[in-house]
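Next come two complexes, and both contain subunit A; in the first it sits with subunit B, in the second with subunit C.
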Partner chain A sequence: MDWVFLSELAINGALTGLLYSLFAIGLVLIYKASSVPNLAQGGLTMVGAYVVLALSHDAGLPLWLAIPLAAVIMFGLGFGIERVALRRLAGRPVIMILMLTLGLDIFLRGTTLAIWGGTSRSIELGVSYEPLFLGDLFISRIHLVGAGVAVALFVAFMLFFRTRTGIKLRAIADDYMASWSVGISVEHGVGLSWALASVVAVATGVIWGEIQGVDQALSLLLLKGLTVAVLGGLDSILGAIVAGIILGVIENVGAEFLDPLVGGGSRELIVAAVLILTVMIRPHGLFGRHDIERV
Partner chain B sequence: MFYRLSGVHHANYVSDSRIFKVPADRNLTAFIFLLGLAAPFIIPSLYLNSYMLPWLIWTAAALGLNLVTGWAGQLHLGYAAVMAVGAYSAIHAARFGVPWEFALIIGGLTSSVIGSLFAFAALRVKGLYLALTTLAMQFVMDWVLTHSPMISGGSHASLQAPTLALLGQEITSDTGYYYVVFGWCVLVTIFMLNLKRTALGRALVAVREKDFAAAILGVNSFYYKILAFATSSFIAGVSGALLVATFYFLAAPEQFSVSVSIQVLAMVIVGGLGSIIGSYFGVAMILLVPGLVNGLVVAMSNGLGTQVNVETLAHIPNAVYGALIVIILLIEPLGLGKLYGNIRDYLMVWPFDQFKK
Partner chain C sequence: MQEKAEAAPILSMNSVEVLYDNIMLAIKGVSIQVPTGEMIALLGSNGAGKSTTLKAISGLLKAERGRISRGEIAFQGTDITEVLAQNRVGMGICHVIEGRRVFEHLTPDENLTAAAPRGMSRSALNAEKEKIYNYFPRLAERRNSQAGYLSGGEQQMLAIGRALVTQPSLLMLDEPSLGLAPFLVEEIFGILQKINREEGMSVLLVEQNALAALEIVSQGYLIENGRVVMHGTAEALKSNSDIQEFYLGGGEGTNFHNVKHYSRRKRWLS
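The block that comes next holds the complex of A and B.
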């Protein structure tokens, strides 16, 4: 195996990994603000992609208008989900919240498919399918665009967390009670984090929808997104980016070596193994905060 | 009303440790048990086979998950994988010529061993991280199933279950299948009812509330976590084997996928964590209501003279299923069992508590 092929695998893996990060950022945003594991992110991603499709294909809007409009709609949906569902269960054991987000995920998926049908459609972003040549390396353009979006979102959120609203969110993430007592509206902050995660879901949905078509497979990103979020530390956006790259490279290079041995399809296995090992060895991930439990 | 009590008052330890502390509860249970026995003669065979049978068998499975999640407080998102282990090992054993009685026990024991592996995750982490680990383990199990033709009978092939035979009797009729499943469900229910009264049950509850605190009290949480996983896995294994032997007749990896794990967990949580009667309600709700709503939509659209898109119809049950989980969690996070308990507690002392308000 020569180094050109290996580095091609690694680079394309890293780019795919950054797309997983895109998904994971949605998880991290909500976990950071409210310690709620958002298993509905897959459903949200699907809804995001379908709303863009509905606006651009069914209503005939141009894409540059459809995507921001979808982001606004999803922003409202995210706020609504927090207001209607999550707020009522605040302070309940994690298992109920976990089940609530799973139920939301199933509901969002079912409703989207009931409205728009399950046939796979493409968003047609207008990015060329021609691979990009970098010396001897093949690189997929759409993956490059997606990775760019992921990095851009990362930078945007880093800056956002330095603004006044962002600092409030960080305070909420740090301590609910303390934030309440200094007059921060915790409910509003958590709602905002859901709204932002839903906007991220639009970006994820558009990019992944372009790569593999808009259908229910979009919600299958959940395991990979979760793995990235856990590996990076559930409350670290930087972690999501770094872990995305790591997982992407491991997955792509590992699958190349493992597939011939086990007869294909080892990607899922590698991702699951990474998740199990992370939780077993370092549950708080690479950059996450280590929670100390008091008896 | 029919409880005719002014509260539950125990005068001695024997009355305190009864299974049914209220006579009305015992009578109601006996009545329902008799109804269950008589079901094949009351209910048409179609409904018996397509509603009652899956309901009872999923209830048995859900009770097993309730043991580990509701009693011992360990999140488990890989329950379907454990059921798959039981189903496949029992069927392979039966195909090999082992009598079904032993094949079922082999299935249960194999599940127990594999299911205990999940406990090792529980020893290291808990809560959300445990849920994620068991989810990942479910993916690994799925992968092993679909990628080892030796177990699953080929990547897209399925495994035919031999005819079920118990105590030398071949069972082929719907009534026969029903009684086998009914018997298993009753056994599991009796086990769970008694669990509350034993030291094991109390130790599990202590581990659920706080494992460190339980350790300080002298409850070995390491031992009880493994025991909880092994016991629930045994129930899962036998339920899985019976599910294939009496309902699916063919074992295929998709029958035990991640979504099934989530479904069983939904049954337990919608029913109520740690509630036995709740598990019955939860399974009925998750299993039967989405189909009923779908039928209602069809009837309504026919009544209005409009035609609902076939694809829409195919996805409505899923949307309803998700909505049910969300709605019930919002109304009562402790599930249908708690709702039933509220009504029961209200009626228990009725009408004497009316003056207090």
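The block that comes next holds the complex of A and C.
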């Protein structure tokens, strides 16, 4: 085992991890406003990718136009989900909302299967498959692009949460009743968080669709994305980024050592171990907010 | 009761009944008037229906599956019974809810920003904040720390400041003295009085601490079991023997009364 190989594993792991972060950012956005992990984020990601395909391959639009247009459509869909489904549940126990998101995920998967079928399709972003050489290191270009998108979204959302609208969203996450009492529209805020998460789903769907093709398997990203979000602390965008890098590195380096021992499949085991250990040892994750004891 | 002619009331509540979950009748025909620019107290023990009365006025009832089943509420002459809570804030009614409830993970400064009405310019918001920090200098010192770690008194000040950002013409406060040391209660009530005088803001103050409340208001209502049982000037109430016995700490039995209601009410809060 030489150092060049090890750093190559670590760097590519970190880049893949940032792609999980991309997914996790969507989860965090919704968690911040609703205190519920959105189990439908995988379904949304898949729908995002299919909408891009429908606009580009099927309707013939160029990708540079299809992607922003898909983002607009998904933004509307996110608002629609709040209006049609979530609003009725405001004030109900969180478990009900959680079950609703699960139902929504199943619905989105069923719908995409019915409309677009089960065969895998590909999104051609035009990113070269030739690896990039960084000194002696091989690096995947598409992963680098995806990681760049994740970091850009991270910066954008960090700034957003300092704007007045962003502060109102954080207020909603803290206390619905107090928000209503000062005239904040909780419904609108929750809708906005779903809309933003749906836009993130387009970005996630396009990048991952380019890497592994667009089919039902895209929705399974939920497992890794959720692990990253939990490790990061569920309500922390910074946590999603840091945890993504950590999980990506552990997974890639760890699998290299473990796979020969267990005969493959150790990636899933590593992810599962991280999720379970986080919940057991540090339930609020790396950067999650603690509930403050009242004075 | 006094019958002298006054300026048109900013708030007029007429025989209002409130039902929770369509079965629990929490207030049973409450009528209250808040004359424009005055401070009015709503007194009563735990479970009497004070908070429910405020929620009926602010519209927050809906969030607790409550509704007005009879009567009407007029604000500045307009019937608001069907108006959404967030729109009532826009009309000038702001409710500082029970238990302080600041946005704990935000700074005090962000708490104030969060309450900014739609369309308030940045400079107007900053001017508003400075005014609030002038009223509550303690908040100014801690404007960038995390609100969840402020002391109880500071949190109550922040909750009031946050309400002021919405620029209410009627400010309603639900037991702002709860759990605070007497000197803090005095400080906060003093500031409320100042705001009332300087801005002409009408105030509806819900309190169990009748002694402190009657010092700063002009009139008070006493509510028991969902009904108004007494109404008069602060002076008249202070000298009333029942009030003295039960609410100004003069007689026996007060504690038992409160304990019984308290345990009943805790169920709803959990």
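The working rule: the second predicted complex is superposed on the first by the 291 of 295 C-alpha atoms of A that agree within 3 Å, B and C clash if a C-alpha of one lies under 4 Å from a C-alpha of the other, contacts with A are read in each partner's own complex, and residues count from 1 in each chain.
Here is the rule we use: contacts are C-beta pairs under 8 Å (C-beta built on N, C-alpha and C of every residue); 3 or more make two chains touch, one makes a residue touch a chain.
These numbers were taken from a predicted model, which means no experiment stands behind them.
Of the two partner chains, subunit C is the only one touched by A:R289; subunit B is not. In the superposition on chain A, contact of A:L113 is made with subunit B only, not with subunit C.
Of the two partner chains placed by the overlay, only subunit C lies in contact with A:G183; subunit B stays clear of it. Of the two partner chains placed by the overlay, only subunit B lies in contact with A:M99; subunit C stays clear of it. In the superposed model, B is the one of subunit B and subunit C that contacts more residues of subunit A.
Once the two complexes are overlaid on the shared chain, A:V279 sits against subunit B while remaining clear of subunit C. Of the two partner chains placed by superposition, only subunit B is touched by A:E268; subunit C is not. Residue overlap on subunit A between the subunit B contacts of one complex and the subunit C contacts of the other covers 295.
Taken together, the subunit A residues at the contact with subunit B in this complex read 37, 84-85, 88-89, 92, 94-96, 98-100, 102-111, 113-115, 117-118, 223, 226-227, 230, 262-263, 265, 268-269, 271-273, 275-276, 279-280, 283, 293, 295. Against subunit A, the residues of subunit C that register as touching in their complex are 58, 60, 63-65, 85-86, 89-90, 94-97, 101-106, 110-111, 113-117, 146, 148-152, 155, 162-163, 165-166.
Residue ranges of subunit A in contact with subunit C, taken from their complex: 90-91, 164, 167-168, 170-171, 173-185, 289, 292, 295.
Within the complex, the subunit B residues that touch subunit A are 69, 75, 121, 124-125, 127-129, 131-133, 135-137, 139-140, 142-143, 146-147, 210, 212-213, 216, 262, 265-266, 269, 273, 309, 311-312, 314-326, 329-330, 333.
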